[in-house]
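The structure under discussion is supplied below as structure tokens; questions concerning it will follow.
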Amino acid sequence: MSVLLTRRTLRVDRAYAELARGVDGAVALFVGRVRPDRGPRGTVTHLRYEAHRPVALTALTALDRAARARFGASRVVLWHRLGRLGVGTASVIVGCSAPHRAAALAGCRHLIERLKAEVPIWKTEERARPARRRRARPSPRRGR
Amino acid sequence: MSVLLTRRTLRVDRAYAELARGVDGAVALFVGRVRPDRGPRGTVTHLRYEAHRPVALTALTALDRAARARFGASRVVLWHRLGRLGVGTASVIVGCSAPHRAAALAGCRHLIERLKAEVPIWKTEERARPARRRRARPSPRRGR
Amino acid sequence: MARVRVLLFATAREAAGRGRLELTIPEAGARVDAVLEELRDRYPRLAPVLATSRIFVNGESVARRTAPLAPDDELAIHPPYSGG
Amino acid sequence: MARVRVLLFATAREAAGRGRLELTIPEAGARVDAVLEELRDRYPRLAPVLATSRIFVNGESVARRTAPLAPDDELAIHPPYSGG
């Protein structure tokens, strides 16, 4: 399958196997992972991904077709995971195979940019509150 | 290992595992494979790769360091296979992890370009002779 | 009266406190903007979300908010996407 | 006399029919270009390859072909790279 929205683990080896079914000389892959982003509201511990599934699948299929036409990509992988994912978990795998490296790399980049902009998928953050900061209390002077 | 010249199979899942040891949000991978290139001297069936090993390892290590400095890459994989490889076999895996996707993708592209230009590795082709072309002999006219 | 189903995602769902609901609106003026008006009335916190959302009807993007609706249409609220 | 080891790769190896060899050259004029001259004499097919090759001595790129050589130095002929 080249287009997938799933609650199951995304596996890079399976994505590569899908892209390497032909005899293309070049395979490019991008994997997005849950990052422990820090902010004033704490550090991200999990992301919840949801999609408007039928619309998202149509959009992904359109991206697949466009990448073949524009970059001469032979095979495309557009896999996005849904549900609650912990830090370090792969949330998306995008890949592209082509006869030559320039097309595969450019296609891969194009696919992830367009996926983020055009496909109805959303993340919601879960953050852990930062440990309360202890004010650095001036300690009583000893000597000078 | 982030830098490798090996006669053994290159595995994409291992390269990903190496790049995903931290909590980076973005991993980009490029895999080069033996292509059945067609030409007047026949179609490529195998490529033989050789390297000037100590110089190549020094050059790969320099690339690794440069990618960290220039793109803020956290982890880098530069694996090249040596020996005689059949069509479809992975000859090179280059990868890069970074907090964000732009750096990982740009780093990956930069690494494969520089590897090809600067690292003393060579391929020699083995081609199978093309099947001898049969001249299209004009067949005796039947009617018109 | 026309019954319209509404799907709300991400920040829209959070603002409304629910992911799907049904509205009944007068069949005469059954347009996208009438549904949005009704949603803003019911869920005031949804107003700023709707301002930046795309609207889909039966899986197709709707360019004009004056687009007409038929009974049983499914209207989806898409806040800015954040996949990847 | 200085003994110098020579490594030949890819098209250089094919042109010479071997991947490594040793040369003995007068210690007085022991320079990179003297070795290349000797190689061209022995293996005429190597001449066009040398014209487009980089030269490494003991693993270091040599910019000038007048660079001096010491006994037991290892000189490597690098035709244009084609990895990947």
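All chains are identified by letter, namely A, B, C and D, in their written order; residue positions are counted from 1 within each chain.
The criterion applied here is as follows: contacts are C-beta pairs under 8 Å (C-beta built on N, C-alpha and C of every residue); 3 or more make two chains touch, one makes a residue touch a chain.
A quick note: this is a predicted structure, and the numbers were derived from the prediction, not measured.
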Remaining chains grouped by touching, subunit A not included: B, D | C
{"item": "Centroid comparison with subunit A (C-alpha atoms), farthest chain", "value": "D"}
{"item": "Chain centre separation (subunit C, subunit D; CA means) in Å", "value": "75"}
{"item": "Length of the line joining the C-alpha centres of subunit B and subunit D, rounded to whole Å", "value": "28"}
{"item": "Gap in Å, rounded to a whole number, between the CA centres of subunit B and subunit A", "value": "24"}
{"item": "For subunit A, residues contacting two or more additional chains", "value": "32, 101, 112"}
{"item": "Where subunit C touches two or more other chains, by residue", "value": "84"}
{"item": "Touching pairs among all chains present in the structure", "value": "A-B, A-C, B-D"}
{"item": "List of subunit B residues in touch with subunit A within their complex", "value": "11-13, 16, 20, 23-36, 87-88, 90, 99, 101, 104-105, 108-109, 112"}
{"item": "Sites on subunit B touched by subunit D in the complex", "value": "32, 49-52, 54-55, 58, 80, 91-92, 112, 115-124"}
{"item": "Of subunit D, residues touching subunit B in the complex", "value": "7, 9-11, 14, 56, 59, 76, 78-79, 81-84"}
